[in-house]
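So, here's a batch of structures to check.
Consider the two complexes below, in which chain A is the common component and chain B and chain C are the respective partners.
Up next, the complex of A and B:
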């Protein structure tokens, strides 16, 4: 390979890895805040700042800006990349056990995100050294001659490729620890290419250094599952309930070894965690299991009936109408379908779910199969794997009821599914007198305005809906009907097999909803997204 | 010396003291908000309390103590008409100030739990309800006691209590085999502070003094959950109710028969 092409390949590879590290840190840290916007902004900001500082300091730090320096730097970054996620997890575990458990409860939120930026800064700084060194080589070496402009250009190409690969391939298909190892190995490839390119400039003994990251990768891969489990158990478990006194790390390790593993599945769209039976989480629920999407609790072994029975049978009882044609948006766990199957008179069900892996999980995972009664195996519902927004904009079908089960909008991506544009499109797929239901908080303790209910009420009104109600004391839902009848439960007509928890949950919450501030300023739009703050 | 019952943990761990714990699972017009979400102002629609209370009562009858089997038809009608009345009045009572009116109580004395306690109250007695109250009192051969406030059945002691409002508090007349055996005056103590410090006081909602001619007792009412060592005997039914209904006991009364030091300010 000609030297100049090899040099440009190294530039691309180096930038590819640099941006991939930033993506990786960002994705790992999202677990500590659930606020994707804050997380991305802060991580990218710190990364660019550190890169700038690194670039500015490169002249002072490195006296010899030659291939050997680049080689050693890449070896260093490779090692750092491999231990990056283990270090983040270890620091989180340490702070959580020895500090946060005694004070905050869980090391979480902005303080965790900002603290962990120490890793973003380290990676950014070292990455910042790379370009000035490569530029210096490009200018001073006859063999690798390249202008600064072309080095910058190839660096940007590498960053683009890194961003696309990270978003499309690394993040969806590998766990975080493996991603770190893989990117570390790619950085090692860059170091090796530097060695190949300028073997005459590198001390022979230094060539052996490539063995360190290789050996390290093997070690990290070995300890990955254990470390991830330690992190997950520490993250989800309420240690106060067990009254563990985390005096020593051994105590904690010993305790965690007695607890069943948390199951983790990565899909292109979300991270799925399932805590085992009798696992005491921080929310205090001692359930058979708890199902989390992107670290947000969805339901537990004791509560899923309350949620899904309330949503389906509660809505049908409130409106007094059994829908013939039903659309389910989201709800890949299959539990809405399970409840709909119990309703006599429902003729057709279409489900639109973005993530086929969730439906796969719901079809084959023993816990899901047991609770959704293998609903996907009877083939009664037609399932489309696509974006719900895109589906309702394109479909010609009309429905009598739509059940919407999306995650809470913690990002702009999710926020669009609660937008005025979404609801206006939804209006077009509803028959006269139809209704739709979605789960969202009605009560919250935050003083911040707009509260979620302000946003939902304002957005639904702006979408042209008038008959808006809320129901569900512990699991709350909004129901929007095109009919004019005021919605009240008819308790005498509730199905007798409904669980006791559901019965207690079934109260209309219109007094709380009436307190919502309806304002144009609170309308959630794709073009003017609202911040959903909920406590 | 620090007195052992200054905090709930010690209270449970110390075997020297004989404890009586009464855990009420009570329902009231604001049941939903009180039990599930403390800060709402919701007034659930007609039929809600009837549906919920009937479910709870039926389930409790099946699981722990079958009141319906022990009740006469008059008593059974009275209980159900109280449930109906709670449902009706919930529509206009302020959900924040409504009083508890339907209590299933579990008593724990030492390691023995008794489940057969039901307490109903009627702060106002509409005509329909009064008819049922009169019929029950008549069947017990108890003369009209004036402004009746509530009835408590304690089947395992084979006792019934009638509560009436008297000057300064509540009066409890206890009957056994249709004969009055005791009369207590319940008085809520104000400005009470425990000796030592406020560790325990943090969980205290109210302190009651219960006096009869023969004896006097004091109860601490709290919503504080006891320690992990909380008596396993009582923990099991509480966990079961929590799983079945998503409810936690709302009020716990503690009594220390021997030494209960309370200072008045």
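Up next, the complex of A and C:
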């Protein structure tokens, strides 16, 4: 390879790896904060700041601005890359089990996003150091002659490639630990290229250093499944031990090894976790399983029936209308379809689900197949893999009922699916007399205003809906009807096969809903998102 | 004309803050329009850095043709106008055309890429690293202010308007001793428009909301 091309490849690789580490840290930390936008912004901010400091300080820190320094820095950052995610996981496990109560939660929950920035800062500093070093090599070396501007440009192109790579455009999703190893290997490649490029400037003994990241990578790959399980089990169990000793540590490890594994699936849109039978979670023992999306509980083996029966048959009973054309938004688990299949008179069902992997799971995973009765295999519902918001903005179809099953709006990203713009678009796909249902808490213990019900009520009213009700004692839903009739259950007409736990759930909650404060200030808009506080 | 180093440093901080606010704001609007927040932020940040680089290269080509003192307000003016118009452009676009949707990000990144070397050029030779440092601090501040304060309290459009006010005000400040010409008037107009829109932010929000669906 010609020297100049080799040199530019190194420049691209260096910044590619830097920004990829930044994005990886970001994705790992989202598990703690559950807040995408805060996470993205803060991690990027610390990365840029550290890079700036590194770039400014490089002159003073390094006397030898030669290839050897760059080589050593790349080896260092490659080692860090290999152990990055294992370190964050281990820190989290250790602190959560043994000392979470004593550290003011600095390494736990949302605060961890800030504490763990130490890793972003190290990566940013080293990446920042390298740019001036590469510039100085480009200026002073005859072989690799390159202007500052061109080095800057190639470095920026490397960042672009890293950002696109991290966005999942080039690679299907790997688990976080393997992603760290992969970027670590790319960094090692950069180090090796530096050694190839300027072998005469690097002490022979230093060449052996490449063995360290290689050894580490094989070690990390070996422990990855175990470490990930340890992290997941601890994350969902939230176990606390008050004595720090080798003995108690061993006991904890032994205990975790007796627990069945948590299943984890990575999709480009979300992280899917399924806890096994008899698993102790923070809130008690689950029976068959609990299904999580991005670490948020969706439903468990105990309550899925009550949830979906209430939603579908509860809504039909309340309105007294069997819908002919039905739209299901989200709900890729297939359980709403299972309930709709039991309703005579439904003629067509369209489902819009963002994530094809969820439907794949619902079609082939034994747990899902059992509870949704292989509903996707009969092919009755037409499924579109699309963003629900885009679908309702564009479709010409009209529906008699819409069942909405999205995750709770715990982030600004999700809150757009509960926005005034969303509901106004939804209005356009409804026939006269149609209704729509979505699940959201009606009761709360918080004094904080706006409460979720304030936001829902204000937003629905601002979208032009008048007839808004809520129902479901333990599993609550909002129902919005275009008809004028006030909604009441007709208990005599409930389907005879309905489960007892659903029947006792069926109560109208309008008294609680009437307490909601309706105000223009509480309207949730994509342009001014509200913060939903669930307690 | 020489400027005090403090002025240049603060200008660097403020314009970097504004540029980052534009990019984060546009990423937020795009994620509402096209879906997929993670992807949207990654693409925005990637395009932003890449176009910053192209901007910096362009500056190399421009630096001997025009004095930096003249170019700086000129580019502030462009930035403020592009910043002011881009949310409305995205909302009215109503197309999923990839290039058109990302055009504002590309243009703002490019203009911001020219802005930093300009300020470094205006600064005294020895203090250039300091200008760079203030630039990074400005971007850093934006990454904290945006998610914690601006987005939830002010809303995304008004946040972008705050940035256009900053750009226009800095541009005007650098032209304060000059006579009124095209650039100075344009800066004044964009400043007034942004302030007007900020005062009427409720109506702007209502318009955006309506136009979006």
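Simple rule for what comes next: the second predicted complex is superposed on the first by the 509 of 535 C-alpha atoms of A that agree within 3 Å, B and C clash if a C-alpha of one lies under 4 Å from a C-alpha of the other, contacts with A are read in each partner's own complex, and residues count from 1 in each chain.
Following the convention adopted for this analysis, a residue touches a chain if its C-beta (ideal position, glycine included) is under 8 Å from a C-beta of that chain, and two chains touch if they have at least 3 such contacts.
As the structure is a prediction and not an experimental result, all values here were calculated from the model.
Asks: Once both complexes are superposed via chain A, do chain B and chain C end up clashing or fitting?
Replies: Fit: chain B and chain C sit side by side once superposed on chain A.
Asks: Put simply, what angle do chain B and chain C open at chain A, by C-alpha centres, to the nearest 10°?
Replies: An angle of 130 degrees, rounded.
Asks: Between chain B (first) and chain C (second), which does A:491 come into contact with in this model arrangement: first, second, both, or neither?
Replies: The answer is first: A:491 touches chain B but not chain C.
Asks: Just to be sure I read the superposition right, which of the two partners does A:529 touch: chain B = first, chain C = second, or both, or neither?
Replies: In the superposition, A:529 touches chain C alone.
Asks: Applying the document's definition of touch, where does A:511 land relative to chain B and chain C: first, second, both, or neither?
Replies: After superposing on A, A:511 lies in contact with chain B but is clear of chain C.
Asks: Where does A:160 make contact in the superposed view: on chain B (first), on chain C (second), on both, or on neither?
Replies: After superposing on A, A:160 lies in contact with chain C but is clear of chain B.
Asks: Identify the partner contact of A:149: answer first if only chain B is touched, second if only chain C is, both if each is, neither if none is.
Replies: A:149 contacts chain C only, not chain B.
Asks: Let me test your reading of the model: by the given contact rule, A:114 touches which partner, first (chain B), second (chain C), both or neither?
Replies: Touch status of A:114: no partner.
Asks: Thinking of the overlay built on chain A, is A:98 touched by chain B (first), by chain C (second), by both, or by neither?
Replies: It touches nothing on chain B or chain C.
Asks: Who contacts more of chain A, chain B or chain C?
Replies: C
Asks: Once the shared chain is lined up, is A:306 touching chain B (first), chain C (second), both, or neither of them?
Replies: Touch partner of A:306: chain B, not chain C.
Asks: Just how close are chain B and chain C at their nearest CA atoms in the overlay, in Å?
Replies: Taking the overlay as described at the top, chain B lies 28 Å from chain C at its nearest C-alpha.
Asks: What residues on chain A touch chain B, complex-wise?
Replies: Within the complex, chain A touches chain B at residues 241, 243, 286, 302-303, 306, 443, 445, 473-474, 488-492, 494, 500-501, 503-509, 511-512, 515.
Asks: Which residues of chain C touch chain A once you look at their complex with the stated criterion?
Replies: 24, 28-29, 31-32, 34-39, 41-43, 45-47, 49-50, 52-54, 56-57, 60, 96, 129, 132-133, 135-137, 139-144, 146-148, 151-152, 154-157, 202, 205, 208-209, 212-213
Asks: Give every residue of chain B touching chain A within the complex, in rising order.
Replies: Residue positions touching the partner: 31-33, 35-37, 39-48, 50-52, 55-56, 59, 228, 239, 243-247.
Asks: In the complex formed with chain C, which residues of chain A make contact?
Replies: Residues of chain A touching chain C: 19, 23, 27, 35-38, 40-42, 44-46, 48-49, 51-53, 55-56, 149-150, 152-153, 155-157, 159-164, 166-169, 268-269, 354, 387, 389-390, 393, 411-413, 416, 420-421, 424-425, 428, 520, 525-531.
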